[in-house]
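Two complexes follow with chain A in common, the first pairing it with chain B and the second with chain C.
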Partner chain A sequence: MITSLTVVLIVFFLFKEGIGVFNKKPIEDGYVVTINKNNPVKNISSESIKDIYDQKITYWNQLGGTPDSIILFRLEDISNYYTDEQIGENFEGLANCINRLVDSLPNIIAFFPEKYLAPDFNGHNLNISKITLSEFLIGKEWFPTAQPVAQLGVMPLILGTLWVSLGAILIALPLGLAAAIFMSEIAKDKVRNIMKPLIELLAGIPSVVYGFFGLVVIVPLIQKTFDLPVGETGLAGSIILAIMALPTIITISEDAMRNTPRAVKEASLALGASKWQTIYKVVIPYSVSGISAGAILGIGRAIGETMAVLMVTGNAAVIPHTILAPVRTIPATIAAELGEAPNGGLHYKALFALGCILFIITLFINLTVGFISNKKKHNNH
Partner chain B sequence: MYKIESKNVDFFYGTFRALKNINIAIKANTVTALIGPSGCGKSTYLRLFNRMNDLIDETRITGNIFIDGKDIYAKGVNIDSLRKNVGMVFQKPNPFPKTIFENVAYGLRVNGVTDKKIIQERVETSIKLVALWDEVKDKLKKSAFELSGGQQQRLCIARALAIQPSVILMDEPTSALDPISTAKIEELIYELKTQYTIVIVTHNMQQAGRVSDTTAFFYMGELIEHDKTKIIFTNPKHERTQNYITGRFG
Partner chain C sequence: MQKINEAKLAKRKKQNQFIAFWIFRLLSYSIIAVLFIILSFIIIKGISAVNWDFISKMPEDGMTKGGILPAIIGTLCLVAGSIIFAFPVGVLAAIYMNEYMKDSIIKKLIKQMTDNLAGIPSIVFGLFGMALFVNKLGIGDSILAGSLTLGLLVLPIVIRTTEESLKAVDTTFRHASLGLGASKWQTTRRVVLPIAFPNIITGLILSIGRVSGETAPILFTVAAYFLPKLPTSIFDQTMALPYHLYVVSTSGTNIEESRPIAYGTALVLILLVLIANLLANGLRKYFGKKVKMN
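Up next is the complex of A and B:
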C-alpha cells in the first residue's frame, strides 16, 4: 500500500515537472530575436537560429531570403555601432539604438533582452514557438544551454541509452546463463559455496568503483585494441554495465535452475539424455521465468545505471553509429546537468521530461518481458 | 544366463556403508520385487542398475553388476546408452512441462531419432501399451499436467517404454496413487513382463505378492533372502522375513 502510494507520488511529480517543458519557449526567459522588417524571411525555426549563431548558416538565401550574408548581433556588439554617449550611462538610449540599428541594416538578426525592445520597435520580432512533443522526441540535437535558442532533441540520448543497454545485455546474458548453469548443474558443492558469495559480493561494489575500473582498465584497452582516438565509447559502457548486471542475472537464474525438481532432471537422465541435453531441454525451459526475471532486473540496472556509465562513455550527445563511438545516456545526462540547470527553468524541466522517458522505457520493457514469460508459462502448464 | 547379476556389491555414501555384499541374479522377463523397511537400501540398490547414484556426490560402489553379461560399472561404459537400455519409473509422476506427445517423444529425440514417422509410431505404440491411448488420443497436444495422477504415472511408463529398453526399474510406482490407478498399473506390470525384465521397489506387501515372480527382502543394507515370491510369502527361511511379511515390525 505505502509502496504503491510512493510510486504513484513519484510518477506524479516526475510527470508534472516533465510536462512543464512543453509550456516553455526554447529561448532564454525575457529575450527576443528580431530581424529587419523588410527581410523576406519571416519565420526561422529554432534549429536554424542556432545554426545562424553557430555560423553554420551565413547567407539569408539558405533560409529562402536574399543572397546577402547574415549580420549577427548580440547585445555586447552594440559598442561597435554606437558610442557610450548614445547608449547612455544607464543604458537609457539602448532600446532606441537597437531599434535604429535593426531598422538600418536589412540583413541583421539581433538577439537581446526584451526590456530593450523599444515601444515603437520597427523591426520584425521572430516568433519562437513552444517545444512540441515530436520535436522533443525526434530532435537530433541536445544543446540545452545553447544561445540564443536551446536545442532539446532527446533522440541521441534515447538511442545512446538503448544502445549501451542492448550491448550490455548481449554481453551479460550469455555469460550470466553460462555461469548460472555451471554453478547449479556442474560445479560441486564446494566450488559453488566459494563462488556464490564472491558473485554476490560483486553486486555490493559501489557503481563509482566500477566506473573507476572501467576508466583505468577497459577504456585504455578499447582504445588500444581498436586503435581509436579515445577509448570512452558505448562499448566501454556496455562492458561495465554487463559486469554490473552479471551478479543479478547469475544469482536469480541459478536459484531458478536449482528449483528445477530433481525428479524431472532424473527422469530426463534416466531416458538416456546427456547432461547437456537435460540442461537445455529440461532445466532451462523449467527455469525460463526465473531467467527472464534475472534478465529484466539486469536490463533494469543497465538502463538506470548512472555513475559508471557517465564515467566511461564519453558523453557526446550525438546519435551513435557504431559501438565504438562515444554516447550519452539519459541517466548520465540527468546526473551531469541537473546541478547546473536553474531550478524551474527550461533545462530543468527538460531533464525531468527525460526522467519520464526513462520511466516509460523501463515500464515498457518490464511489461513486455512479463507478458512473454506469462505466455511461456501458459504454454507449459 | 541371467539378465541381471549383482556380485558382492557394496555401496557407500561417504563413509556410510549403505549396501553390504549383495548377490542377486534375475532372469529375463520376470518381475522382481525389492521389499524391506524404510532405509534398508532397496531404493539405493535399484538405482545402481541405471547408475542413477552417480549423480550423488561422494558415493562409491565396489563389486560388479552385470546386465546381459556386461559389467555396467566397467571403465568406458556409455552411461547414456546404459540408461536407454534400462528404463526407470519414479515414485511420484514426474512428467516434463511439455505436451503429452512431447513427453513420450522426449527419449526418442534425445537419442537422436529425427524421423517424424518413427516418432509418431513409437509414441502411439507406447501410449497404447500403457492403455492410455483412448483417454489421451484427442489431447496429445495438451500439457501433460492436465492429466490425473494415475494417468501421469502411466504416461511416465509410456515415456520409459518409448525408447525400447529391455529392463524397467520401478521405484514405488504406485505410492502416490489411488487404489484404482494402482490396480491399473499392477495389471500393466503383469502384461509388460512378457517383453521386459522388471525390478520394482514397493512398500506394499500385497502388491509384491500380486505382481512379482521373485521377491528380495532387504534389512539394514543386507539382503536377507531372495526367492520365489510364493516361498517368501508362505514359507520364508529367515525369521526376520517372516516377521516383516506378517507385519510384526517395519
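Up next is the complex of A and C:
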C-alpha cells in the first residue's frame, strides 16, 4: 500500500518535472537570437547556434549561406558599436541600437534579451524549436548551461552509464560466481559462516566511502600504471562498481546454488562424476536463472550508483571510446548539476528527465528479475 | 590398455578438480582481501586524525582544521528522523501483509511494488524528495525533508526484514493461540510479534547502517556544505557525515590539507556502519540460539 503509493508518487513527480523539458525552448528564458533579414539562412538548428558561438562554425556558407564570416554579437559587445550616450543611461536607446546594428550588418548573429527587441525590429528572429524526445535521447552533446542555446543530448550520459556498468559486471561476474561456487559447494561450513557476514559487510560500506577509497587509491594507481594525464577514468569507476556489485551477485547466486536439490547432485556423484564435474554440469545449469538474476541486479546496482562513480570517473560528458578516458554517468550528472540548476528551469527539468530514464532502466531490470524468479518457481513445482 | 586410460582419466579428473577448486578458493579469498584492504587502509590512515577534539569540535578554516561534530550530530538526527518515520510504518505494513492479507493478485502486486521501490537508485529518491518535500510542500532544505526522503528509501528494507521475521515464526504457534480462543490481533501481538521481535530489531539496525551512509538522497534535501553550528529544529539544514566526506575529499578549499579530515570522517562513518552490522549479527546469533532453546 504505502510502497505502491510511494512508487506512484515518485513516478508522478519525476515525470511531471521531466516531461517539462519538452515544453520549453532550449534558450534562456526571455532571450532571442536574431539575424539580418536579408541573410539567406532562415533556420539554424540549436546545435549549429552553439557551434557558432563556440566559433566552430565561422562562415555562413557552412550553413548554406553566403561565403562571409559570421559576426558574433552578444549584449556586452554593444559598447564596441555605440557610445554610452546612444545607448542611454537606463538603456532606453538600446533596443533601437540593436535594431540598427542587426539591420546594417548582413552577417551578424545577435543574442540578447527579448525586452531589447524593438517593436519595429527589422531583422529575422530565429525560431528556436522545442527539444524533441528523439533529439533528447540521441543527441550527442550535453551542455545544459551553454549560451545562448543549451544542448541536451543524453547519449553520452547513457553510453557512459552502460560503459561503466558493463565494465563493472565483466569484472564482478567471474569473481562473484567463483565466490558463490566456493561458498555453496566447496567451503566447509565454518569457512562459509565467516565469509558470509564479511560479504554482507562489503555490501554495508557506504558508497561515498568506496568513492573516497577509489579517489585516493585506485585513481592514482591507474594513472601511474597506464601513464595517463588523469586517473579519473571509466576503468576506475568499473573497478569500484565491481566491488560494490559483488555482494549482490554472490548472495543471490549462492542462494540459487544451495537450492539445487540434493538428490540431483547425489545422482551425478553416484554416476562417477567428480565434485567439480557435478558443479559445472549439474549445479550451475540448475541455478542459471538465479545466477542471471544476480548478475542483472548487480548491473542494476551499478547503473544507479551515484556517489562512488561521481568521485572517480572524471565526469566528462563525452561519448567514451576507451575505458581509460573520463566518462560521466546519468546519476553522477544529476548529483553534480542539480545543485546549480535554477529551480524549475530547463536544466532542472532536463535533470529530472534523466531521473526518469534512470527510473525506467531500473524498473525494467527489476521486472526482468521478478520475471526470472517467478518462472523458476513455476518450474520447480 | 583400457585400464591405463581409465586411470589416466580419473587422474586428470582429479587434477582438474584440484585446479578449479584452488582457483575458486583464491578468488574468494581475494574478495575478502579487498574488504580488509579497504577497511585497514581507512582505519590506519584515519586513526591519527581521530581524537576527542575531532569528534567534539566545529570545523574550522575552510574545513582544513577542527572537528566534525555538526556532521556527526546531523547524521544522528537524520537516522533518528528516518527511523521514526519508516519503522512504525514499515512494521505495520509488513504485519498487515503477512498476517491479515490473503494471497491474491493485489498482494503480489504490492510485493512487486515493494521490490521495485527497493530497486530505485538513491539519487532518484533525492530527486523525488527535492520535488515533493522541498519544493512542492515547501518544507525547504531541512532535516525533516531529508529524514522523510531517507525514510522512504529504507521503507522497503524494513518491510522486507519484518516480513521475513514474521514468516519465520512457526504457524503452529499461531494455530495454538487461535485454538485457545485468542483473536487474530491478540495472537499477532502476544505470540507472533514477541517471537519475531529480535529479527525485526536486527532489520532495524541494518537500516540504521544504510541510512547513515547514504549521500545521494540528502544532497538536495538537507545537506549543508559548511555550517559550523548544531541544528536547533527539524526545519534546519545540517551537515552530515557522508556528504561531509564527499565535499572534503573532492571540493574543499584546500584538498591536500583537508585529507586528514577526510580520512577521519571516513573512519567515523565506517565505524558507525561496522558497529551497526556487528550488532545486527550478534543479535541474530544470540537470539537465534535463544529461540531454538525454547
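Convention: the second predicted complex is superposed on the first by the 363 of 381 C-alpha atoms of A that agree within 3 Å, B and C clash if a C-alpha of one lies under 4 Å from a C-alpha of the other, contacts with A are read in each partner's own complex, and residues count from 1 in each chain.
The definition used in the following text is that a residue touches a chain if its C-beta (ideal position, glycine included) is under 8 Å from a C-beta of that chain, and two chains touch if they have at least 3 such contacts.
Predicted, not measured: the structure shown is a model, and the values here were computed from it.
Contacts of A:Met195 after superposition on the shared chain: chain C is touched, whereas chain B is not. Of the two partner chains placed around the shared chain by superposition, chain C is the only one that A:Ala179 touches, whereas chain B remains out of contact.
Contacts of A:Gln277 after superposition: both chain B and chain C are touched.
Annotation for chain A, partner touching more residues between chain B and chain C: C. Of the two partner chains placed by superposition, only chain B is touched by A:Pro261; chain C is not. With both structures placed on the common chain, the touch criterion links A:Phe143 to neither chain B nor chain C. Shared-chain residue A:Asn366: touches chain C; no touch with chain B. Of the two partner chains placed by superposition, only chain C is touched by A:Thr6; chain B is not.
On chain A, the surface patch touched by chain B in one complex and by chain C in the other comprises residues 274, 277. Listed in rising order, the residues of chain B touching chain A in the complex are 50, 52, 55, 57, 80-81, 83-84, 87-88, 90-92, 94-98, 106-107, 110-111, 143, 145, 156, 159-160, 163. Residues 13-14, 16-17, 20-21, 23-25, 27-28, 30-32, 34-35, 38, 41-42, 89, 93, 96, 109-110, 112-117, 119-128, 130-132, 135-136, 152, 155-156, 159, 206, 209-210, 212-216, 219-220, 242-243, 245-246, 249-250, 259, 262, 266, 269-270, 273-274, 276-277, 281 of chain C are the ones touching chain A in the complex. Within the complex formed with chain B, the chain A residues making contact are 188-189, 261, 263-264, 266-274, 277, 281-282, 285-286, 379-381. Across the interface of their complex, chain C is touched by residues 1-4, 6-7, 9-10, 13-14, 16-17, 174-175, 178-179, 181-183, 186-187, 195, 197-202, 204-213, 215-217, 243, 246, 250, 274-277, 279, 297, 300, 303-307, 311, 331, 334-335, 338-339, 343, 351-352, 355, 358-359, 362-363, 365-367, 370 of chain A.
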